[in-house]
Structures are given as C-alpha cells and as structure tokens.
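So the structure is just underneath, and the comments pick up after that.
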Amino acid sequence: MTVLPPLDRIPADILSAADYEQRAADHISPPTLAWLAGGSGTEQTLRANRHAFDDVRIQPRLLNDFSTASTRVELCGTSLEHPILLAPLGHQRLLHSDAESASARAAAATGCGFVSSTLSSLSLEDIADITVAPKWFQLYFQPRRSDTLALLRRAEAAGYQAIVVTLDTPVQPLSRRAQVADFRFPSDLPPTNLSGFAPPEQVTLEPGQSIVLHGMMSEAPRWSDLAWLLEHSRLPIIAKGALHPGDALKMRDLGVTGVVVSNHGGRALDGSASTLAALPRLRAALGADYPLLMDGGIRSGTDIFKALACGADAVLVGRLQGYALAVAGALGVAHMLKLLRDELELCMALAGTPALADITADCVTGEARC
Amino acid sequence: MTVLPPLDRIPADILSAADYEQRAADHISPPTLAWLAGGSGTEQTLRANRHAFDDVRIQPRLLNDFSTASTRVELCGTSLEHPILLAPLGHQRLLHSDAESASARAAAATGCGFVSSTLSSLSLEDIADITVAPKWFQLYFQPRRSDTLALLRRAEAAGYQAIVVTLDTPVQPLSRRAQVADFRFPSDLPPTNLSGFAPPEQVTLEPGQSIVLHGMMSEAPRWSDLAWLLEHSRLPIIAKGALHPGDALKMRDLGVTGVVVSNHGGRALDGSASTLAALPRLRAALGADYPLLMDGGIRSGTDIFKALACGADAVLVGRLQGYALAVAGALGVAHMLKLLRDELELCMALAGTPALADITADCVTGEARC
Amino acid sequence: MTVLPPLDRIPADILSAADYEQRAADHISPPTLAWLAGGSGTEQTLRANRHAFDDVRIQPRLLNDFSTASTRVELCGTSLEHPILLAPLGHQRLLHSDAESASARAAAATGCGFVSSTLSSLSLEDIADITVAPKWFQLYFQPRRSDTLALLRRAEAAGYQAIVVTLDTPVQPLSRRAQVADFRFPSDLPPTNLSGFAPPEQVTLEPGQSIVLHGMMSEAPRWSDLAWLLEHSRLPIIAKGALHPGDALKMRDLGVTGVVVSNHGGRALDGSASTLAALPRLRAALGADYPLLMDGGIRSGTDIFKALACGADAVLVGRLQGYALAVAGALGVAHMLKLLRDELELCMALAGTPALADITADCVTGEARC
Amino acid sequence: MTVLPPLDRIPADILSAADYEQRAADHISPPTLAWLAGGSGTEQTLRANRHAFDDVRIQPRLLNDFSTASTRVELCGTSLEHPILLAPLGHQRLLHSDAESASARAAAATGCGFVSSTLSSLSLEDIADITVAPKWFQLYFQPRRSDTLALLRRAEAAGYQAIVVTLDTPVQPLSRRAQVADFRFPSDLPPTNLSGFAPPEQVTLEPGQSIVLHGMMSEAPRWSDLAWLLEHSRLPIIAKGALHPGDALKMRDLGVTGVVVSNHGGRALDGSASTLAALPRLRAALGADYPLLMDGGIRSGTDIFKALACGADAVLVGRLQGYALAVAGALGVAHMLKLLRDELELCMALAGTPALADITADCVTGEARC
C-alpha cells in the first residue's frame, strides 16, 4: 500500500468535516495512523466518546430572529469568532512537513483558536510568530519545576493568552493499535520545546515498590504543583482532563480559570466515561457561568451543538485536525474548520438558536449513557 | 442498471404498504432515489424516525364491540374517512409523468386527505381541479410577502380547505446521499406555482457576517411572519415542523389551528429527535383536544396506530407516496393507501379499539427513547 | 431441498429441547415451516417474545433443602406433575401423519397437560380417547352460538377438564412468511371438529363500511359472548390472549377461572407487547393466587423458570411441540417434553427453589422491556 | 489442525493479559478448549459476565499523591500484595503437564494468592509444598461427611490459610460446547485428592421422584452442612457462589468469614445474573467492611478496577489462568499475572486512586444491567 503525498488542493469528494477521517488513511503511513487514530487499552473510551452523541437528540425551535445571530464567545479572556479550537496535537511533523505552521495558519485563516502543544514539532515561539489566531499554550508539567517554569515564561513572552495544563496522563498508557503497527517516534524528531532540558533523574525503587505506582507516578503532578503553577503564572490557567465534578470544583476553588472536560481522546484511561456523558455533571457542579470546554469524538457541527447543549462553552478538535493536516496541509485544516463551522451554523439555523447562549439543555433530549 | 418504466398494474408480490419501498428501487434512477430516500447529514434522524417505532409496544384489548367502528376523524375543519393524508411531496414529475395528478386522484379514490406542495410539478389549481379528495395547501413563506399572499389567495380560490405552513427548513440542508449521487433538479421542471415570482433580492453581507446565519437566514420566516399569515388567511392555518412543546404552545396561542409534529422526514435538522419520541411531549403540552398530526417513518398501519397512541390525530405519508407513485402511478398510490388503511383497521381490530378516540396512551407500553 | 420423513428414533445430536427447532427444518416442507415458524406482520412481536427472556436474570439461592422438592401444581382444578402444557396447536396432520395422536400420547407419557385445539386434525373425541394426560379443550367462538355450544357439550362429554377460550384473534392476520412461501391449508384436511357446521352467513356491508371493521369483526366474540359461555359451561373457563391488566381483571370478575397471557405466539397483533413483559403487570393486577398461564417464546427450562418468576403458574408450548412432532412424532414430543422438564428441574436445583411456589419475583433481576 | 506444544518463552505478541485467550486456542485441543472456555446452557451468563463490564465507566480523579500508593490488601486473615488470586481451576493436567505445579509457582513468583481446587491434578499436599504463595483450599462437600472432614484436616495440615467452600453447583450442568466437542475427562487423570474415597451410595428413587430434584440433589449441601463445616474448621471459611444478598447475609450471620460473588464463570446456572451486576447489591447488604471477592469475566486490570469499584475486595482469575498455563506453563501464568497487575496499577494511576480503599462506587458511573 502506497502512502500518497499530501495534496495541494481540496479533494472534490470531501462533503463534510468528518470526511477527512476516511480520506486521511491514504495519506498517513499505517503505523502513524495507528498512533493518531488509536486509543488506549481496548478502546472502550475511544468508542464511547463517539457513541455518546447518538444518545442525545436535538429539540429544534422555530421562527426565531437571526438578524443579530452570532457564534462569538468570550472564553477565559480570549475572544473567539466561534467555539472551535484546534486541540494541542503534538508531533505534527509526523503528519505533514509543514507541521504546526500549517495548522496554526489554518486557525488564523478561519478565526479558530489554536492550542499549541508542549510536544509540538516547531517551537512555541515559531508557532506564535506564524499565526495571528487566538492562541493558548498547552503545558505538561516537567519533572523539574525549573523546566516547567521556563516553558511558562516562554509562552508568556511569545504572546500566548492562556495556559492549558494537561492533567489526565500522569502515566502515558500504550495504544495497542500503535504497538501492533510497531509505531515509534522517529529519533530525529524530538519535541523542540523540550530540547534544552536535562533528562529526568533516575528513580530508584525500593524492594516491593511498583514501577508504575512508585516509579512513573513519582513524577506525576499533584495538587500542590497545580497550586504552584497558579501562583507563578501571569496567564489564566485552564485545566484539561477533568471528568469528576469533585476535581473540577476543587480546581475552580484553587483559582483555575476554566476546565476542559477530556479523557485525552480515549488515549488516557481506557474505561473512563465519555466526555459527553460527563459534561452535564460538571456543568451542574460548576454552575452556568464557569468556562467549560470539552474534547473527544467531535466530528461534525451537530456534535459541537450537542456538546454545547450538554454544558460546554467550546470544543477542541484533535484527530480531525490531524487527518485534515495529512490530507492537504494548511489548506486541508482550514477547509475542515470551515466545514465544521458551516455545519455548526447550519445546525444553529435549523435548531433556531441564534446565539451560543441559546444552546442549552432545553435544546436536547436524552443523555449520553456512559 | 436499467430503470424500469412505471407499471400499469399492481405487482403481485406487494403484500404490505411497506413493500413499495424496496420495489421502488427498480423504477427510480439512483440519483432521484437518493434525493427521495436520503436524509440530511449523517441520517441519524432519518434512522431515528424508524427505530422509534420499535420502542413502543401495543397492549391490545379484547372482546370489544365493533358494530359502530369507524376510522373517521374531523381535523381542523376537514372531515377525513381515515387518519391518513398524503404529505406535501414536491417535484412529483421526477417520479412519474403523471406527477400530482396521479397522487391526487389516488387520494380521492381512497378517501385520503391530500396536501399539495408549494413545489408541486403541476399547478395548485390543476391539482385542485383533478381531485375531489379533502385537500390542504402546503405553503412555504416566499422571500416577498406579496408572493406569499398571492399563493395564499390562489389556494383559497382553488378550494383548498386549510393551509399547512412548513416551518422546519429555514435553510435547506444537503442530503449527502443526493450529493454523492450527483442529484440535480432538472432545469426544465421548475416549481410551477412559483413561476411568476421574481428571484429573491441579493443579500449583501457585511464583513464578518455569516452566509448561513445572516445570508440564508435573512429570508427565514419569523414569528411575526406567522402572525401576519394568520391575520391574512381566510383558511385555518396548520403549522408543520414543531418538535418542541414551547413552540407548539406559542403557535396555539397565536391562533394556529393545528400542528404537524415533523422533522421533515429526517431532511431538515439531522440530529433532531424522532417525531414519535416528540409526540407525547407535545400532546401533554397541548392537551387532549388540540389537533396534532405527525409524519416521519410511517411504513405500516401498525406504525399509524402507535403514532395515534402516542398522541397524533392523523399522520402524513411522504416517502411511501413517492415510492408507490414511481412503481405504478395513481394505481400504485391508491393501492398503497388501501393497504395502509387495511393494516390500520386490522391493527384496530386486533387491538380492540373500534374508534380512533380509543387509541390512547393506555394502548401502548414503552416509549420512543429519542 | 428434500424434506426428510419423520424419524422413528431420537436424533443423537439433540441436546436440549430448543434443538428441535433447527432440526425441524429438515422434516417440514418450506411452506409448512413458514406457517409454523412465522409471525404476523413484520414479526416484531415474534422476536420480542424471545428477546424478552434476555432482559431477565436469575438470582439463585444456595443450600436449600430439596428432600420434598416438587414441580407439581394445581391449576384451575387440574393437577399437573409439572407446569408445562402442550399449547393448542391446530392442523397437526401437516406436521406428522399421527397428528394429535402423537402429541397427546407424548403428553400422557410425560405427565404433561394437553390442550386440544378446536382446529385439530383428529376429532376432540378421538384425542380424548387416546390420551390419559390431563386435558383441556381450546375453544374458538363459532359464528353461530349453537355451534359453539355443540363444541362445548362435546368437550364436556369427552372428559376435558377445562375450556380454554382463545380471544386474541377476532381477525386472523396473515403471516408474510407463509404468504411468500405460498402456504395453503390442504383442501383435504379440514378441521374435523367443525365438519358438521354450516358456513357462516354472508355479511352484507353497507356503503362506506369496512371489510375488516364491519365485515370480519361482525363475527368476533364480545364480552357478552364470554358471559354467555360462562353461563353455559359446566367446566372451568380459562381465557387465552389477555395482555392488558384491565381485561384480565374484567375476566376474573366475570367468573373466568384463569387467564393465559398470550399474543398467540406473535401470530395475532404484530406490535403487541411480549408476554414476558406483560406478565408482571397482570400478576400485580390479579393478585398472587389467581391462576395465570403464559405462552410465547418458551424454548428451555430456564425460560419456564423466568416466566414463573415473572408471575406465571404454568406455560404452554406451541412451536417446540410442532417441531418435535415433525422430527420424530410421539417419540419426539415426549423427548422434547422430558428435556424441557429436566431443564426446568436443573434450573430449580441450581436456583435453589425446591417448589414452584419458591419461584417468585425475588428470584430474578431486571425486567423484560417491551 | 495441529495442537502446538506449550512454549518455554513468552510470545512476543502478547501485549495484555487478555491476549492469552486467543493465543490459547493454538495450544489446547478443541475438546479441552470447549470444556475450559464454554459455559452451561446457552451461555447467556457466560456472555453476561463479560458484557457487564461495558455498562460501567470510570470517573478518574486527578493530581492525587501516590507516594504511599499500594495494592496491598488484608483479606480473611491473609495478606496479599495485590487483589488478584488464581481461582480454583481443577484438572490442570489437561492444560499443561506441570499442572498446578506451574500455576502455584507462578502465583508465588508474582505475589498472587492461590486457591487450590478439590479437583486438582496434583495433591493438595504437593501443591502446598511447591509454593510459597498465600494459599487457600477450595472445598467441595463430599457425599460423606467423613470424606469432607478428611479433606479439611489435610488442608489444615498442609498449611492452607483458609477454606473456600463452593456452593453454586449442587448439580453440575453440562456445557453444550463440551458435549458437541465430545469432551471427556481422561480416565487416567482422576482427581488425586479424592482417590481414597469410596464411590457415593446409590440413591434409590421412589416412583414419581425426579432424578434431578431427588436423585442428584440428595447429595447437595444444605445450610446444616455449612453450619457443620463452620463448627469443625480451624480455618476461616469463605463461601463461594453467592449472588443473592439474602444468602450472603445468612452466611455472614452463621460465621462465614467472607463471600465470593460467583456464578462459577457461567458454568453453573445459565441465566443467572452477571457477577458484576450482583456485586453492588451484595456490598450494600453486607456493609463496607465484610470481605467480598468476585470472579467471572475478568480479562484486564481495568476489569479488576471496575469490580473493586462495584464492591469487591479482590478478584479470582479462572479462564485466563488456564489459557496462560496452556500457552507457556508457569512462565505464562506468571507473565499473565504480571500483566494483569501492571494493568491494574496503570488503571489506578490514571484513575487517581493510590490505594484499593480509594476505589469506591464514586469512581464509576453506570451500573451493570443484568
């Protein structure tokens, strides 16, 4: 099977944003596709994220006035034309030689928020230079606080508007699909942002201690690290990965500006609840006004509408971004984002909701089961 | 694959109304079939309309007296022999050269109500002349109120007994199936009723405005348009497309005579609730006596029984009409309607309900989930 | 495909009662199999009857004393060794040349109750002579009360112990499977019991009257007919076909001795609730002591256990009877009944319920959904 | 199809404990595989045990401190490094020539509890000698109390720490799969532990008595036998097979130390509830502190986590043990147990629960349906 090079035009048979998923299989090598598309474990959470959308149905309203309609949203101090952000997808050079340069330019071209990954192929400064899109920096806690602080300061200096700290992968579980396909990160493509950092100190385990629980987890961030980050950041902190209302409440009370309901796209804990099922619980706990984003399973504008009705203020798009990037670079990502926004607007028009604030729980029936 | 011409007899292997669906595939070209059979988006609502009937089961009654049994219903001032109407299906020339002449005659032959579409291939006057069936005119708001008023006056003059104003497609979403099959409306078959109307004024968008939300939706009808229509019509107004109880209540309070619970057969908002799931909510809101019709997924007399038990007073049949028309013209539609009525009567006999008023929520268990 | 003659031995690969279903396909001609196996309409009730058993699970008890264990049950004045009766299956000559002679002898050999059909191939007197099994006579109301009375008196004279009056098929719906297979009752095999009866009077319909509602239903039994029967019968009357608690209560109050929860094995109203789902509602309405039987979907002793836990006192077996009869005549039916009883006893042993009275709602979790 | 001999190394493509299931098919003869993999009856409980895990989803917690993390659990007087025990799987010589010598050594190597079966291929004394793992002896009541007492005393003498008395198979139902595959226990491999025992006395049935209810069940243990065992044992008694809260409460009140929620891996009563569905009911009845174990359907560390969240203190692994044993003997079982423990620890890390006591009902949403 030959892997086709990326296109420099939009394929004529792409009719919806979701179409990039199937098309991408022609433009990504099987091991890399396994890495991008797969989930951890038996992929029960990966599937749940998608199936959850089937359990929710829209109750449209009729005859409403759209003369002042808008998809605009203010979120954690950032103003977005529409409630779609590109999720922090690392290692984009694996998908297209333009890497984040392509996706960041596509975000700018379509008024989409861009969340730059700690593990980006290009440096966070280069990405910030390239794009005028509203941009946030996704931060992984580093083994050394000095390194974490360095990343934070660089992001502040480069003009990022918020920090999205990812908390749901204290350990990185393996994707069976990627293992079977023998996927490995190429040794010549290290994450640029981390290039100056010394390797983490070797953990010495005492007899009877567990590699996972005491080895790997010894570097995992804790509540005290989050408090430390909040203390040192000049930017709003958004916490990514919460699924339990208790955690989200604790974050809010600590001073976190917003929360991303996420299970890492089914790549963290296999068996965790779908994000759409978790959303109403978190919205109920946090109250109507607290900024709440979600990712996981978004493939269409209708999915976005349902996520908003279930409690989200905006969504992040990960895999679709990767698929469109591989198919046609910046053009592909921009086209995918345009389709997604058109689909959301069509859904809003047909659902009779001229503003995002009109997309409430009253707009849907049913609920995602798990 | 050859498309067979319509038959001039009933095929021997049609045993139930639903059989016309499969048979129609032989008599309709693939693009036209894609247009007729397909739904918008990913067709989740198209599927939901059908699956909803599986969630509802009948609790039959025994030993009741049928000596005065009847399927008769008075609805919005129209007297119907049975609670089945032909839905407003436009462009019928695509399916049979006799177009609405065939379906309207079939309605008359079987005591079925006929709802003539704004987008009919024949003029509303020609259709009215052809048939003695109880007939209503389906109205789409036109960009200019003068054109809407002209259609209304013509319908009144032609003897239609009610106006069914369709409100669920302020924007017409695309059917993926029709796009893939490259379906296009033939340029030589424009909707006759609209032939004298000037094209709509060009909408000029300001920078940052959306083609969907501010362009297409600028022509969409609003509550004030419905109020205007109610003020100007000499005929009862029936509103088609409501799924939310709040909208239905508002319509009733404005003076609308009846409501059709509809999602445009899964051709409007993909992701909207099935009509069978929405029915009990609307019936509960509107009370027992308000005229409530439904369409969406009806394929058998048992489906009609379930719809009535869930709150409908009558149903409209769209796709089955088109399928039967393509298979055998007026004869096919009349046969399909006869089968449907026989099936309903058989269901009533076996369920022990001699009159439509006996078909209540107590006759069913379970409820359509979404 | 050749139809094999019935066997005169038990096939070695029959390991459970349910195995007769698949095996029967070798010994029954396709049209006859379609008649026996098929259900009315789209067979949603036929399927529901089976699937309902999947929704119910057993909570076994441990360590109970079985020294006085028993499957014996007293039912409507009849003493049964175990709670299994052969359902009134007509036209058994279609399945085996021994017809009811085989099934009635098999019932006697296995201590099983036998319900003889009005439409049996052998006369009710011949059947009564052949078997020492506890026997009831299934009665269809005839168009003329004198004929109904004649059947009743003959059943009384022949020694039947109860009358099972079937009420769920005022009209006989068609089985699509049987229609497609072109099944017809052979003209040389009329129902013997009815041979002396004059054909029903021709019904004359007035204009506008319905063949179903006013034609066929003019002969359907009514509550007054049931009252008449109760008045004239010297035997207990058991009403078969109730699914609605209101009907069952009315029957009890009229003097009916017991009720069979039945949807005619999915051959009457397609779309009606499964019998297992209806059972708890009827048991709750009728109280703990009223005799309640069920049929529909029984394929194993575990199914019988679940039916009893959901409220039945005994079950009737229709299709399995026909399958076993076709495979190996009296020997087949006796073997099938023995397997069924063994399976029930094994289930009782493993569920820790030494007597039928121990099989209560507390023994199961979940409930049949519809 | 050739049956491959067991390996003396770990196959490279085993990535998770569950992988041993598929791989085992190469190393076990079809009849033996049918015996090991199959369930009783129609295998509805076998399937339910697995499917139940899909109904439960994890709500992970973030940022918790793992510095004192541990999987250690004290259970019925036995201290276990992690909450995994090898279930009492008899006849292990059928799977590998090393039989229980392999599995018992693997348990020791991985800190796993070992439950030795009454029906082991090696004698209970030999097994006790071979392994330093925490070990319990699984006891079947014998027809003669003297034989039961002999087994008990031998287990006490051999150093077992608890007695697991299995109560859910008063009768051993047949596995259809094993019957079809013509599986028979080889005559040269009798259960060593029972070799000195006289055959059970022949039961003489009176006329009308049932082979199952009065024959086989005459030897089944009763509550009085359990009371007798409690009186005579010097070791804690753990009762295996409870699914009904009433039974579990009665056992606790009699003095039983702990309960194993079990349906014998779907090999006892087909149709019984899944163990995961039964767990919360038993935990609710017994209170938070009573020792509760479960088996049935465990294939991964995530399954173990869900079982613990639903109320279990530990789990037993039966089929995976057999599969790994057949694939690679002691090495296979040890590897499977290591994978299972790693998976549990990964799940705990990602779910934010540093100790088993943190794995509560609050960690999951949804519940196993049946």
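First chain written, first letter: the chains are A, B, C and D, and each begins at residue 1.
As a working rule, a residue touches a chain if its C-beta (ideal position, glycine included) is under 8 Å from a C-beta of that chain, and two chains touch if they have at least 3 such contacts.
What you see is a predicted model, and the numbers here were worked out from it, not measured in a lab.
> Can you list every chain in contact with both chain C and chain D?
none
> Compare the two sides of the chain A and chain D interface and say whether they are made mostly of the same residue numbers, over half shared, or of different ones.
Homomeric contact, different residues on each side for the most part.
> At what distance in angstrom does the C-alpha mean of chain D lie from that of chain B?
It comes to 59 Å between the two C-alpha centres.
> Using mean CA coordinates as chain centres, what's the chain A-chain B distance in Å?
Whole-Å distance between the two chain centres: 42.
> How far is the middle of chain B from the middle of chain C, if each middle is the mean of its Cα atoms, in Å?
Roughly 42 Å separates the two chain centres.
> Which part of chain A faces chain B closely enough to touch in the complex?
It comes out as residues 13, 15-16, 18, 54-67, 69-71, 81, 300, 302, 305-306, 342, 345-352, 354, 365-366.
> Using the touch definition from the top, list the residues of chain D that touch chain C in their complex.
Chain D reaches chain C through residues 41-42, 44-45, 48, 167-171, 173-174, 176, 179-180, 208, 210-214, 216-218, 220-223, 225-226, 239, 241-244, 246-247, 263, 268-274, 277-278, 369-370.
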